[in-house]
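Each chain gets a letter, A, B, C and D, in the order it is written, and its residues are counted from 1.
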Amino acid sequence: MSEICTADEAMARVHDGDMIAAHNWGISGSPGYLFRALVERGVKDLTLCIPNLIPLPEGFVERGLTDPTILIPQLKKIISPFFGARGIMSRFSEAFFDTLAKEGRLEIEASAHGSLMERLHAGAMGLGGVYSPVGVDTIVEEGKEKRTIDGVDYIFERPLRPDVGLVKADKADTLGNLVYRGSARGANPVIAMASKYTIVEVFDVVEPGVLEPEMIVTPGVFVDCVVRIPDEDVYSEKRRPELMQLLAEVMLARGVQSEAADIEGGEE
Amino acid sequence: MKDRLTEELLAMRAAQEIRPGDYCNLGIGLPQLCASHVPAGAIVQSENGALGYGPLVGPDDVEKMDLDFIDAGGSFFTPAPGMAFFDMSTSFTMIRSGRLMSFLGGLQVSEKGDLAIHSLSDTDEFPQIGGSMDLAWGAKRLVILMTHNTSDGKSKVVKELTLPVSARKCVDLIITDLAVIEVTSGGLALMECTPGWTSEEIQEQTEAPLKVADDVKEMEF
Amino acid sequence: MSEICTADEAMARVHDGDMIAAHNWGISGSPGYLFRALVERGVKDLTLCIPNLIPLPEGFVERGLTDPTILIPQLKKIISPFFGARGIMSRFSEAFFDTLAKEGRLEIEASAHGSLMERLHAGAMGLGGVYSPVGVDTIVEEGKEKRTIDGVDYIFERPLRPDVGLVKADKADTLGNLVYRGSARGANPVIAMASKYTIVEVFDVVEPGVLEPEMIVTPGVFVDCVVRIPDEDVYSEKRRPELMQLLAEVMLARGVQSEAADIEGGEE
Amino acid sequence: MKDRLTEELLAMRAAQEIRPGDYCNLGIGLPQLCASHVPAGAIVQSENGALGYGPLVGPDDVEKMDLDFIDAGGSFFTPAPGMAFFDMSTSFTMIRSGRLMSFLGGLQVSEKGDLAIHSLSDTDEFPQIGGSMDLAWGAKRLVILMTHNTSDGKSKVVKELTLPVSARKCVDLIITDLAVIEVTSGGLALMECTPGWTSEEIQEQTEAPLKVADDVKEMEF
């Protein structure tokens, strides 16, 4: 049964060495309020599974917002398809990464977006692994079994079953049923299903029956813990116009470019 | 030196490949610019989980921006009747279904249609694969939009990739600021030249050999 | 792009030897209107993937309703987890099945519900196959590769990528976006995603924008053909109260038992 | 001959295993009858894709029946606040997640906890597996509800299955019309006897050896 609790209470469930999964595609849909609580919890040697690792533009962290790169000092491994490289390098010194690498403390495992979703799905379904056609002949296949089936080459992808899923939803009811809004849905429903223990941050908690049974995306059985973001917090629904304004200023300062514009590598 | 296409003109030419009724994924970078030129009746997909949304919000329309309406590149889009949202597992099922055509950027394309897009080095600590490998594998038709040459003048249309491969034998069409090139089983076919450029001049800028199509023509916009 | 067409037009896309997928769990959510059209189309040597093969109770077929067992004469293979045995045997004579078996004309492949869903998902995702823990040491593993991964036994399950998916939805918009109602959702969204060509029967077709973007379950890109059930048809929304009445009569006649009560085997 | 439990009493006893806050899948047959005895605050799941619905509609309430509100056994359920509907892929992710307890019927259970439920013969042309193999594999706790003996008096609690196996070492608890039996690593433990029956009498009806628990007691309802 889902419990309603605070972020601190929820984080007590996270331990050293855990595998954590979370969504990230900029601010929207990413559990920034829970990231901040995880930093405060101070656990270490975590493995993080995340579709993107995109640093926030300047000016956001100063206002109390948190992106997943903030977690890097607590990680021993990152499994991700996309690293906002320049932003990460500007946040942490090159010396910092050199030290991590020398100490063997930060392992990076690259994946394709679809394969990461499929590995989480496989974990959720209790599978031993799947043969995926994506990433053949690329860095993604390194160290993985290859197999040709009916003339097509595949890579063996192992399931991911995170110890803790950090999920961002729009609203929950008191039974833990979740709805999302727009493109903020992302990997959140997949992470909720794949994780052994699922913690959700929401703008609002409503009574059962308020969310239509046809609109519920994540049924409450997958949700262990619902955290309502306090009204005064920078992540609260009340303060979203302020965030939007800040984001707009950043975008205007850059011209036509977008929040995630600095994710583009090299030539592109 | 002769003029190459502006990014805007390149995007306009590329958007002509999309027909009413097509579903198309627009990747990060140059492909995003096509969003404003997609013909009526064509439907755009974004890998983070949206289908059928409206045009992007320009920098002058800040009040139209919605924090929860972002595309794969992080740009804000406007709503449109009939749009749908879904999770990333559904999105990549769509991407791998062969039902979408796909526009991606590129770092290099080989004459066999191999694509390099995610990294500049084999030892890159922070690769940027994203959805590119899935999109390249699953596309009904894969169109690469890129500058013809690197900033230091090297050809990005090559005999063999020198950068890390993202997917083999996946590219159908290359659109650059110099040319429209089709990848055929017999090699690369030069279909269109940027106005003011001859086939010979484009070949000079291109490492891979180009067969000039019988009906080669000047690009139109 | 999804087309709006008649059942006859849609069926022109089905050919001898095709693999067909459809949902069945009694009347609700099962594409009975399309089953009838498929019988009329008269193609043969089909393979049918279906979660259940449940005959309708007596009195229904007489009113023009169709269940998937009606398709048996057109099939060369059924892949299904559940056969409403007594009902099937009463509809077709034992001699009929003996003939089919002797001619090698009807192959039955048993599956578990979850494994069937997973095989369709694998087909949709382009996978070469998956290792599933369900069905180990049972009839389901016959002829399949087995593998132990991290101490757990798995069966290798091959993907299913049906040529044609027959889907029942509640409503479609003209772009082919689908919504479902209640437990009628079932395997329909999975089948829509897995099939190379997807035909949908709906009670109603609406303009784009009528279905809320958060409520759409199957995005239109997976739908090739939308068939609106004509108002006068026994399957139409208008005539659902009549069906419900008929079903209630059957249930009352049986006492507390349910529509699918005769699906229970032997001792249970 | 002594009275065995009625189906209704068996279902009432079984429902006591469900606590408020539990999620429980109720299989076809005897488990369905538990739906009316589930404690407030417990949540019922149906494999065809529903969670948290209300009580079943009785035969006297035909006007409450909704064609689109059916459970796995084809019975009609009433709506309840907070219920959710989802597709069968999501439903079986749920079933395999270890987050549900599960009540199933059974044809045989062995002393090791092996379960036979889907077929009466190895050469059965029409097996009835349904969700049983997934439910048996994925359940947080698996409770089997069945008559203790077949209609011709054979024990259904056996040393080794003679019917086709549905899943190995999966059963946690057996509730029959004679007894409540726990499957432990050391064999079967007789926990409760149907009123009027002694441990010895129950053992006589049971092929597999039963260890009588120290605190064995009479079943209560």
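Just so we're on the same page, a contact is a pair of C-beta atoms (placed from the backbone, for glycine too) under 8 Å apart; a residue touches a chain by one contact, two chains touch by 3 or more.
Everything quoted here is computed from the prediction, not taken from an experiment.
C-beta contact counts were set side by side for B-C and A-B; A-B has more.
A straight line joining the Cα centres of chain B and chain C is 38 Å long. Rounded to a whole number, the gap between the C-alpha centres of chain C and chain D is 27 angstrom. The geometric centre of chain B is 56 Å away from that of chain D, both derived from CA atoms. Each of the following residues of chain C touches two or more other chains: 114, 118, 121, 125-126, 133-134, 180-182, 213-214.
Chain contacts: chain D has residues 85-86, 92, 96, 137-138 touching two or more partner chains.
Taken pair by pair, the chains that touch are A-B, A-C, A-D, B-C, C-D.
Within the complex formed with chain B, the chain A residues making contact are 25-29, 51-52, 54, 81-85, 88-89, 97, 101, 108, 110-115, 117-118, 120-121, 133-140, 180-190, 217, 240, 243-245, 247-248, 251-252, 255-256, 258-261, 263-268.
The residues of chain C lying in touch with chain A in their complex are 114, 118, 121-122, 125-134, 147, 149-150, 152, 154, 179-182, 212-215. Looking at the complex, you find that chain D touches chain A at residues 20-23, 41, 43, 45, 51-52, 79, 81-86, 90, 92-94, 96-97, 99-100, 137-138.
Residue ranges of chain D in contact with chain C, taken from their complex: 28-30, 32, 46-50, 58-59, 62, 65-76, 85-89, 92, 95-96, 105-107, 117-120, 122, 125-134, 137-138, 146-147, 150-151, 156, 164-168.
Chain A makes touch with chain D in their complex at residues 1, 121, 124-126, 173-175, 177, 193, 207-209, 211, 213-214, 216, 219-222.
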